[in-house]
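The data blocks that follow each hold one structure.
Shared between the two complexes below is chain A, which has chain B as its partner in the first and chain C in the second.
After this line comes the complex of A and B, so read on.
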């Protein structure tokens, strides 16, 4: 989710989550990507996988929006991990 | 095992890295301190139906890789949430201070302007 106001989004967080293998990391990207961003002018998320790592870059207009967005995405990642762990 | 990590950057703060310390109890639970319902509503009798499941163990009684990852991520989430809450508090206090300075400056200018007006009246 990119926006035209990227230069304004100066508060950033990069998160890397090492899964067991690249397939799990790719599944996580596919699950997370469709989630809509409610205010794309204030917050951006970029998901990718590198080897077995899920890599996420967050950009935000301030720390308040960053906290809400990051915590929400981490909740989703924990659910994905829990689900894969349960069914594998 | 490899652990999750995060790096925070902003124009006003030094870069901050968040790492998992798997020997600390903070990273050995799936129940985060900064997530879920508040202690107040739990004490009031609310049942947390969204509570995360306990970490899963394999046939040897050891936690599975993904359970360890989930526990590490839970602790990391708490670290990030607490840090960003502190940053929000700092930004709020800074804004209050700036608002106060603007208000005081405005009041001083108003008083000085008022003084000038009085002098003008007297001269007339």
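After this line comes the complex of A and C, so read on.
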């Protein structure tokens, strides 16, 4: 284990995804939250909901890790939205 | 004695409904199962006889070109693309207008490939929150075992679980499915699939299916090509066999007449065909499986074998197992057909519903995080004595 923790997670991105209502946004937070980050020392995600928006803030050690992490979360969000659309 | 009726069905109905979602490898499966409430289940050991009704069982396979395997990322994308449509079809086929009628949603937690498992888990969590239906995480291997027991009514068999990712000999003892023997390296289906890739033949519909078809037409069945036979105690090793037979196939394709096993050293005439290699590989691998299964049967004094998993569809494996069982005091072999042998959603629903009826449900979504490694004996089998 490295002892020098969380030096520079300088690469950040903030996303807001609007849903139809606040319940749906909360569902999205609950679905996304449980999954652990593979390398927490290189990448951090924080999910929350505000009104009918899903709010995500990403922090990462470099732009490559950020891009990979963000695109995987977006894939999951697409899946959640399609599910809600079909089965709400 | 076990009480399978401890959790009553929703809305005072006299039956349970479960949705099963499977996506641990390249098959995506959705199924709906119905269990009637039976009075004798309140005080018995009859989890293999639930009178399960299969309301729907739909599957879609991610198919790669011959010569290529499936990669986690592409497989996950396939599952994400199809899971919503497949679930819609499964619910419609089951005639389930209001999905909140479901008692439980079951999904595969592991073992398997991480990315495909995760894509299905995200879907299962969303449905559960949307419909307010509880979730049950299911061990894929236990799913195979419970489906096999329900279909064949085998009460307490030694289970041979053979698929693309797993090779295990399992027997039940004191609330666990205990692993008696297993592969030390690659799974049997993986061994067959990779040989199929060398031969450039497709891996549809189940691991080793096309090798089985070629083997049927082997011209020299009376003289087996000698291959390494690697049973180690109760365990098997198959990577060396694969390497060896791959080498033979390559020599065959390149017409390397120096290889004395394949070509007559005097005349240079070819003695062995691709079909012969397929036949010998199957005979060799299956003989190893039969050997460790027989030893497990002797250990637990059982005379039933249940074959589950994708390779379990192989008729030659079933024949060889049957002939071993016949020689052992009238044993029986139970196997299922491709609907249930190959990964499917119904088996997840079946095992998950048994778990649910014993009161095992997810209380915190943190319990739904998928895991690539999830051994069969980690599951506490509450539904058996």
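The working rule: the second predicted complex is superposed on the first by the 81 of 88 C-alpha atoms of A that agree within 3 Å, B and C clash if a C-alpha of one lies under 4 Å from a C-alpha of the other, contacts with A are read in each partner's own complex, and residues count from 1 in each chain.
In the analysis below, a residue touches a chain if its C-beta (ideal position, glycine included) is under 8 Å from a C-beta of that chain, and two chains touch if they have at least 3 such contacts.
Quick caveat: nothing in here was measured; it's all calculated off a predicted structure.
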| query | chain B or chain C: which reaches more residues on chain A? | reply | B
| task | Please indicate which partner A:19 is in contact with in the superposed arrangement: first for chain B, second for chain C, both, or neither. | result | first
| message | Once chain A of both complexes is superposed, is A:75 in touch with chain B (first), chain C (second), both, or neither? | response | both
| request: Determine, under the contact definition given at the top, whether A:10 touches first (chain B), second (chain C), both, or neither. | output: first
| task | Identify the partner contact of A:51: answer first if only chain B is touched, second if only chain C is, both if each is, neither if none is. | result | neither
| query | Which partner does A:41 contact after superposing on A: first (chain B), second (chain C), both, neither? | reply | neither
| message | By the touch definition at the top of the document, which applies to A:31: first (chain B), second (chain C), both, or neither? | response | second
| query | Touch check for A:86: first (chain B), second (chain C), both, or neither? | reply | both
| request: Could you tell me which stretches of chain A are touched by chain B in one complex and by chain C in the other? | output: 75, 78, 82, 84, 86, 88
| field | For the chain C and chain A complex, residues of the former touching the latter | value | 77, 80, 83-84, 87-88, 99, 118-119, 122-123, 125-127, 129-131, 365-366, 368-369
| Partner chain C, residues of chain A touching it in the complex | 27, 30-36, 75-76, 78-80, 82-84, 86-88
| said: Can you tell me which positions in chain A touch chain B when the two form their complex? | reply: 10-20, 62-64, 66-67, 70-71, 74-75, 77-78, 81-82, 84-86, 88
| task | Name, in rising order, each residue of chain B that touches chain A in their complex. | result | 1-11, 30, 34-35, 52-53, 56, 64-67, 69-70, 73-74, 76-77, 80-81, 84-85, 87-88, 91
